[in-house]
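Please find the structures below.
Next come two complexes built around chain A: one with chain B, the other with chain C.
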Partner chain A sequence: MDRAGEREFKSISLVIDGKAISVPEGTLVIEAARMLGIEIPYFCYHPKMDPVGACRMCLVETGGRAKLITACTTRVEEGMTISTDSISARKGQKDVLEFLLTNHPLDCPVCDKGGECPLQDNTYKYGPAVSRFTINKWGFKKPVELGPYILLDRERCIMCMRCTRFSDEIAGHPQIGVINSGRGSEIGVMHGQEFNSIFSGNTIEICPVGALTSKHFRFSGRPWEFKNRPGICANCAVGCNINWTIRRHEILRVLSRENPDVDDGWLCDRGRFGYTHINSPDRLTSPLIKRNGGLVPAGWDEAISYAAQRLDEITLKHGNESIGGIGSPTLTNEEAYLFQKFMRKVVGSNNIDHWPKGNGAIIEKLFEGSSKNDLRRFAYSHLDEADLIFLVGTDISGEQPVLDLRLKKAVRKRGARLIILHHGKTDLTRYSSPWLKYKEGEEMLPIELLKRIILKGAKEEEIEEEIKGEAEAASFSARLVYEAGMALSGSRRTVILLGNNLPDGLIHAMFDLASGIIGQSGEQRDDQWISLGLLMGHANSQGVLDMGLDPDYLPGYVRIDLDGPRARFETAWRYSLPRAKGLSADEMLNGGNNGAIRALFMMGSDQPSVQSSNNTLDLKREGIEFLLVSDITLSDKARMADVVFPSCTHAEKDGTFTNAGRRVQSFQKAIRPVGNSLSEWQILCNLAIEMGEPFNYLSVSDIMDEISTLVPSYKGINYPLLGDKGIQLP
Partner chain B sequence: MIKKVFKNILFLEIVDGLSLTFKHMFVRAVTEQYPRKKRVLPDTYRGILSLQKYDDGTERCVGCALCEAACPSMAITVVSGEDEKFPQRRFSREYYIDITRCVFCGFCVDACPVDALAMTKVYEFSSYDKNDLLLNKKSLLSLGDTIAKGGGMTPVERKYKFPMEGETNKIESKKEEALILC
Partner chain C sequence: MELILFKDRSVPDLKDIDVYIGRGGYQSLDKGLRLLKPDEIIDIVKRSGLRGRGGAGFPTGAKWDFIPKGKGIRKYLCCNADESEPGSFKDRELMEFNPHLLIEGIILASYAIGAAVSYIYIRGELVYAFRILEKAIREAYKRGLLGKDIRSSGFDLDVFIHRGAGAYICGEETALIESLEGKRGMPRVKPPFPAFYGLYGKPTMVNNVETLCNIPYVVTNGHERFASQGRPRNTGTKIYCMSGDINNPGNYELPLGIPLRHLIYDVAGGIRNGRALKAVIPGGASAAMLTPDQVDILMDFDSLAAAGSMLGTAGVIVMDETRCMVKVALTLSRFFFHESCGKCTPCREGTFWMHEILKKLEAGAGKDEDVDLLLDVANNIGGRTICALADGAIAPVISSIRHFGEDYRLHVKEAGCPYDRIMARA
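Showing the complex of A and B:
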C-alpha cells in the first residue's frame, strides 16, 4: 500500500462464475462482476458513494471461506474465485430478501415506485415466492414529512442508507440520518434540522424502494404509462441533462440523465421540481392582439400580418433605428442567432440585446487576444483534475448548484484546495482555506494584493503594511492573503472561476493575474495549467452571447463597427449591415422613454429562473408605440404588449443551449406544444417571410448548419454530432 | 310426376309445416318474453362494470391503474391523485371505462387488488349516443351503488357472484387510520 506509484497500475486477476478477469487493485467484487456482465443483486451499493454493506443483498460465495461475503464491500484479491449463483449464494440472497420483506408493507399498488422498483425486481428474480412470516407486520402512520419536497414512508424503508450517505458524502448537508437502532431504526431528520438541502430531490431517485416520495409527483401515475424523453434543464447555466417523464403530453416529473462531463448524474431541487410552469393552466394558447384596450385572442396569420404591418409602418415613419429587440437568455442558440439576424437584416437595426445580461463578452475578448496554451478555457471536467480552485465573487451553490457538487467532490474526495473570494458566506465557504472576505464593492483590493504577492514577490509584512492603510476596507488579514497568494503561485493545476456580475476591471485583473502566473518562468512549471472561466447566469447566457444577441457583436464576437471581419456576414447574408452602434437593453428601455425607440420586440419567456433574478425589468410603455412580446404566459411585459405571441417552453421545442462550461447540448421536443404556441424560431421565420424576407428554415438543424459556417467556435457542429452528450467548445 | 301435381293441389307441405306449429302449442316455450319477462341470470354473468364502495361509503378504488394495465382492449383510463378528504391516501381522481371497447373479459376485475371493480348483471345499456357509453367515475360508482345493495358475501365472492337485491353485505370499513402496532 505504501508503494503509491505502483498501486495505480497493479492489476488483480480473479475468477467470477468461471470467467477470468483482471481488474485494477482496489476494485470491488461487485464492480468486477459488472465488468464481466454478471449481475449481483444489490440495494445499498452505489457507484458514487463509499460502500457500507447495509442491506446484505449482494451475498456471494467465495472459495475458501465458509461464510458468504458481501460483494459490495469486498475488494478483489489475487486468485479469488467468486461464485454468484451457487446454491449457497442463491440461498443467502433469497433469505436476505425474505428478511427484508418481513416488515415490508408490500403495498405496491399504491406505491410510486411500483413498476420501477429494485425491490420488486430483485424479489421477482431472487426472492422466495412466499413468506414464512405470518405475524403482523409493523405499521406506522403513513408518510412523515422530511423536507419541503420529500415524504418518507417508514414502513417501506429497507435501511440501505443511500439517502443519508448521499446527503452527507455528496451534498455535504448531513441533515438526515438513522435514528434508533436495530429493528427499530428509521430514517429521520437530525435533531434541530430540516431536510431542506437544495439537493434533497436526488434521494428520491436513489432510494431503491418507494420510501422517499416526491410531494409534487406522488400518486400521479404508474411507470408503465410513462415515456421518458431526454431534455436539458433550463433553470440555470449548468445545463444538467434530464429525462422528462411524460404521460399524455404532460410533464409529470424530471429525472436525472447522467452525463459525466456535466452533471455527474445529479440534479438540484430547482431543476428537479421546476417544471410546473410547462403544463400550467396559465400558458398562452393563442396569439393576442390589443383591441380597445384589452388583449383579445387572434389567429396566427392575423397576428403575424398585423405585427409585420406595424413594424413596417414604424420603420417608414421613424426609421430602422427606432426599432429594438431584446431577447431572453433562455432562447436557444438557433433562436438567438435568428433573432439577431432578423433585427439586423430584416429590420435593419443594431438595437439588439439580451436581458438579464452578464459580463461574459469581456472574457471572450481577453481569450481571443491571448495565445497561452496553458491558460485554458474552463470546462467542468477541469474541476476533476484541479489541485486548487479559486472562486472569485461567485456563489456557485446558489447560482450553479450542481457544479457545487463537483466542487465538493474535488475538495472532499480528492483533497483539492479551495480559496474563496467573496463578500458573503456561502455553502462552500466552510470548505475554503482561506476564505477572503471583502466588503461588497471593494473586491479589487484583494486582487491587487494577490497580484503583488504572486507577480511582484511581495512579502507578508508588506501586505500587512498595505492593509493597515486601508483597514476600513479589508475584512481579512494579511496572513490569509499571503497564504492564498502562495497557494496560487505554487499550484500546478488551478481552476479560477469568476462570477457573472463582476466589474470589468476585476475581470481584466484576474485575467492578468492568471496569465502572469502562467508567464512566470521555472522548470517545475512544465505541466502547469490554469483554467479560467466566467460562470454565466442563465440557461443559455453563454449561447446568446456567442450568437451575437448583443448590440456590439455579431455572432462569434465579431465587432459590428469593424468593416473587415463584418464582411463575412455581409457576404453570407447578402446584405449590407447597419453601421450605427446599437443600443443596449438598458438604453433601449430608457431610450424608449426618450423617443429613440418606437417599437420594441421582446422575445423569449420569463422562465422562473429569469423571473427570480434580482434585478427586475423596468419596462415602461411611454414613448413605445408598438410593443411585441413572445412569452409562455401572460407575464407583466406581455400584459403591456400590443401583440403577444404564445411561445413554447424548452420541453416543446428543438434546439441547443451552451452551458456555463461552454458545452453545446441539444434537446428535442418532448411533448407537443401547448395550445397553438410556436417555437420562437418558427415565429421569427413567419414574421420575416411576412415582411418580405425569405427565412426558409425547415428545422433548427438548418439554422445550426448556417451557424456552424459563420461562427468559428461552432465550426462543424451539427445535430447528429451533438448526440446526447453534447460537444465541448474549444 | 303425377305424385307431385297431387301434392301441390292438396298443399301437403303446408299441412306438414303447420303440424309442427300445432305440436309446439303443447310444448313448453324456449323463448323468453323479453322485455316483458326477464330471465334470472347466473351468478357468474359478466355484464357492465361497476366501481364498489365499502359499506361506510368510502370508495374502494386506490387508483393503482392495474386494471388499466390488465385490460386487453385498452378500455380503461385511470388518473390517480391524492384524496383531499383523506390526505396521503391514493385514489383515482378520474376513472373512465369506454364500455364500447370492453369485451367483458373480466381481467380488470381479477387485477384489482382491493376488489374495487365488479361485474354486474346489467346488460341493458344500449344508447343512441355513444358518449353515454364512456362511463366516468360517477356513473360507475352509481352503477355499483344501485346494484350492489345486499350481499352476505366476501368482496372476493362478490366480484363475480353479484348479490341480488335485498340481501346484505358483511360490514367492512376502511375509514380508520393505518394500524399502529409498534
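Showing the complex of A and C:
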C-alpha cells in the first residue's frame, strides 16, 4: 500500500534541455520537464491516469542515443540528460504527427474542437506543414451515439485511449473500450449497451481531438466567440469548480476547473449538463402580482411596495408570529444570512427555516461539545490519506458523485479499505469489504453491535448470539460485523461519512463510537485520527444551516432561546430579537399550522436539483392569506403565489456556497441577469428598505464582512481571501 | 551430433505417456526436483548458455534469475506456444509429436523460478496440438507428474492451457499476459518487466516452447554436454524451419551456427527446379532478407545480428530467382498491417501506409519518389513503438529496397510487375 508522506522519496537529478532539476524518484520525464516549464507535446498522457505510451507524441532524446524514448512512460534516472528539442527529437515528434494525420479528416472548420484542440495546436507547433499521405482516407459513418450525452466521430479519433482509461481507471465504469484492431480500431460499447456512466461527460473534455462531442453543445459555436468564466456547480453539495462557457450572456457549456481539494478536475454529468435551466425560455423576466385570479407582470417598485404593504397589514392584524419564511438550500450564504436577519429583525419572527432540510445541526452541536483534537471535522482531502473509509447510510455515488471518484481513487489506487453500512446496493458496495446490509430503518442494530465489539471488546460468538434474536433485521453475518469492528478499531486514519437523512439517534451513536475509538487508543499519536462528516444534500445545505436559516439557531448555531449568546446579535443588529420558538418548515407548510401562519415568504428556486421524486414540496394554501415567492421560473409554488419576484440563478449573481466538506467557495456573476431578475439579496434589501429597515448593503462582500464578525467559524473570511480555491472551515 | 529435441522423432505414438516414459521421459524430474535446489537449476541453465528460442535470443538462465526469490510471492510461468511468425512451425511439431517433453520442461522451469501455476498460451489455430497437449496434461496429472507433491518432491504445480483468439501480437510476452488476463491483447509499456510485474501483477516468466523443451536435457546431461554443440555464446541445437523454394521443406534440428549454405543445399536439398537463389529470410517474417552472397553466413544469433538480420525463430524462407521482391514485401506488409494491434501510432498508421505504397508500386502506379517515401515511412516507424512488431514489419520492406532496389525501379519503369510478364510468357 502506498501511504502518502510515509515513504522517503529519493531525489533524482537530471538535465533537460540544458536545465538542471532535482525531482522525487519515480517522477516521469514529462512531469519533470513541466516543472522546468519545458513543454513536451503529448496526447495520451494524462497526469491522473497510468502511463500508456500509445500515441508516441512525447518522443525525446536521451543521452544522445539514436533511439528516442517516450517522456510519458520513462521515469527519471540519476544523471539523465534529456533533449526535447534536438533535431532528432523534433523529427520524431513531427513524424508521429504525420502518422496521426494520415487517418484524421482535418475537418477543423466544422469541428467543435477546432480552436481549442491539442491535435491542431501540436500540429501547428510541431507538425509537418504538408502531408505526404496522398491516398484516400478511410471514411466512417458519423456520428455514432455512445450514450445519452456523447457522440463519437470515429474519423477524428487518434486512439489515445484517454476516454477508455478514464472510464475504467477513474470512474470504475468500463463501459467503453477499443474494438477491432490495428488501423480498424475504434472506440465502442458492447452490443446493446450504452455509455451511460454518470461521469461520461469528462471524456469529452479530456478527448484531445473532436472525436467525442457533446450532444447538447455540438455545432453551437466556435471557441473564439466564447468566454470561459469561473463558477461553482450548484447541482449537489460537492461544490465542484466549473467554468461557464459563455457567448453573449448565454451559457453554452460547463467545463471543469480543477480544484485539487474539491473535484480533482472532474465533473459528473448532472453538473456538466445541468445548466439548461439558466437560459431557459421559461425564466421569469419581471415581477408578477396576482390580480383577478391571475398573475400579471408588474414593475419592481410596484411589486415590492405591494408585498411590503401586505406583510405590514398581516403583521398588524395577526402579529409578527403569523409570518413565516422558508428558504431554499440553493441560496447563497449571504442571502441565507440576510433572509433570516430580515425575518428576525424586520418581520420580528423566528418562523424561519429552509426546505428540504437534513440533520446537519446535530453534528454541529456534537462537535461543539467535543474537545478531542483527533476527532476531526471532515474535509475532502482526508479521503486522500485515509486507511479506512466507513460510509453509513449514504449513497455517495448518487448524491455526491464527484466525491465518489475521490473515494474510488483511495480504494483502487491507494488500497484504502472501504466499509459500507447501507440498506441498498450502490456503485461503491462492490469495493466494500465488508458491506453490512441492513433492512431500511434497522440501521441501529449494526451500530450497536459495532459499539459492543469496539468499545466493550465483545467476541464474535457473542455477536452471533445477538444477531440470532434479530435475524429478521440483519442480512449480514456476525463474522462480517466483527471483521468491520476489528478494522475500525485497528485503523489509524479513518474517515466516517454519514448520510443526510439518518435518524438523530444514529448520528449520536456514530459520534459516540468515533469518540470512543479515539479515546481508546490511549497513547496519543500524531498520525492517528478519525474524520467524521455528515454529507449535506444540496448546493448550500451546509451554508444555510451555518447562516441560521433555522427556527432554533441564529448564525453559527447560537440557540435562539439562550439569552447570553443571543445578546451578541442583539448588539450587532441593534434590535431585541423575538424569543418565541419558531416553526419549522414542515410545520409552516402543513396548511399554515392551523392558521398560525397567515403569510409565507418562500425564497429561492428549487432548481437545479432540489426537487426530486421522493422530495416534493407539499404546499397548501389553506389559511395562508399572502404567499410571496421568489423563483427563477413559474414553478408550482410560484403559480400559487400572490406576488412572485423573478430571481437570478447562481450564474448571474455573486455569492458564496459552503460545500459538503465545509469549504466556503465564492463565485462571481458570469452573465447578466435574465430579464429584470434580481439576486435574492437585492430583493431582500429592497423589501427591507420599503418596510423601513435600512439594509444598506452595496454588495455581497458587505454581507460577508458582517457574517465574518458574527459567525466564529467564518471569522476573517472575506472575498479577496476566498480567491479561486475557497477556504476550508476549521 | 546429438539430437536433443528430435531424438525420438521416429518413435511412433511418442505423444502417449507410456511410450514417452519408456524412452526415458520424465527422468530429469528425479534429479531436478529431488537432488537440485531451484537455484542450482538456474545455475546449470545459465552455464549451458541456452538462449531463448522464441526470437529474441535472451539468455534463459539470466532471465530466470530476474524473478524475485522467496516463497511468499506468487509467481507464474507462461509457456509461449502462440507460434504465429510466418515461416515458423517448430513449436507446433514439438507439441504435436512430443507434448510430454514440453510438460517436463515446464515442470523443471516452474520449480526453478518457484511457480506453482503455469499456463500454456497456445495459438488458437493449433487445435490439433491443443487437443494433444490437453490429453498429455491429463495423463501427467494421473501419473502424479502434475498436481500436488510431484514425484514425492514436495513440489506442487498446476498447468493450464489457454487458447489464443487469433492475434499474432499475443506472441509478444506482455500482450500474451494481457490476453491471458482476459484483456485486449496489446503490449504493455516496459519497464516494469514481466519478471517483476507480469500476469495479474505478479512476477512472471514467459518462455518459448522450444526453449522449455531443452530444459530436461540440460538438467539431465549437464551444461557442458549441452554447450558442447553449437558455437560459443550460441550453444546447443536449434530447429530450423525450412520453407520456400527448396526441394525438402520441413523442420531440421542441427547445431546453432551451421552455415546457411549447408542448410539450403545439403539439408533442404537445394533450390527447386534447379533455379538460382535470390533471397533468404533467415528468421521468420520479421527478419531482414539476405542475398545470395551472404549464403555462407553462420546460422546463429550473433552472426545474423552482425549481418543486420536476426535468427529469430529460425524460420528460413528461401526465394528463388523468379520471385518478385516487391510482391514479397507487399505480402509481408499486408500481414503486419493486419496484425498491428493499433496501440502505437507509428505502427498502426505506418504499417497501413507502407502497405498502400507497396500496393501502388506492385500495381505499376508508383513513381521513384514512392520508393523513397516508402523507405522514409519505414524508418520513421522503426524504434518508436512499444513492442518489436513494428521493427519486424519494416525489416522486409527496408531489406528488400536495400538489396533488390532494381526490382522496385523496374516496377516504376515498366509500370507493372516484370515478374508477372516473365511468368506469363513462361
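By definition in this document, the second predicted complex is superposed on the first by the 707 of 730 C-alpha atoms of A that agree within 3 Å, B and C clash if a C-alpha of one lies under 4 Å from a C-alpha of the other, contacts with A are read in each partner's own complex, and residues count from 1 in each chain.
FYI, a residue touches a chain if its C-beta (ideal position, glycine included) is under 8 Å from a C-beta of that chain, and two chains touch if they have at least 3 such contacts.
Just so we're clear, the structure is a prediction, and the values are computed from it rather than from any experiment.
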Requested in this report: Would you check which partner chain A:604 touches, where first means chain B only, second means chain C only, and both and neither mean what they say?
Outcome: neither
Query raised in the report: Does the superposition put A:327 against chain B (first), chain C (second), both, or neither?
Result: neither
Query raised in the report: Of the two partner chains, chain B (first) and chain C (second), which one does A:110 touch, if any: first, second, both, or neither?
Result: first
Query raised in the report: Counting only touches as set out at the top, which of chain B and chain C does A:499 meet: first, second, both, neither?
Result: neither
Query - Comparison of chain B and chain C by chain A residues contacted - result: C
Query raised in the report: Looking at the overlay, what does A:225 touch: chain B (first), chain C (second), both, or neither?
Result: first
Report task. State whether A:655 touches chain B only (first), chain C only (second), both chains, or neither. Result -> neither
Requested in this report: Examine A:143 and indicate which partner it touches, taking first as chain B and second as chain C; both and neither are also allowed.
Outcome: first
Report task. Figure out whether A:271 sits in contact with chain B (first) or chain C (second), or with both, or with neither. Result -> neither
Report summary line: Dual-contact residues of chain A (chain B, chain C) 184
Query raised in the report: Where on chain C does chain A make contact in their complex?
Result: 167, 184, 189, 337-346, 348-353, 356, 360, 373, 380, 383-386
Query raised in the report: Which residues of chain A touch chain B in their complex?
Result: 109-110, 114, 136-143, 151, 184, 218-222, 224-225
Report summary line: Seen from chain A, its contact residues with chain C in the complex are 51-57, 59, 66-68, 70, 73, 92, 95-96, 98-100, 102-103, 132-133, 135, 158-159, 161, 177-178, 180-185
Query raised in the report: Taking the complex as given, what residues does chain B use to touch chain A?
Result: 62-66, 68-69, 79-82, 88-90, 113-114, 177-182
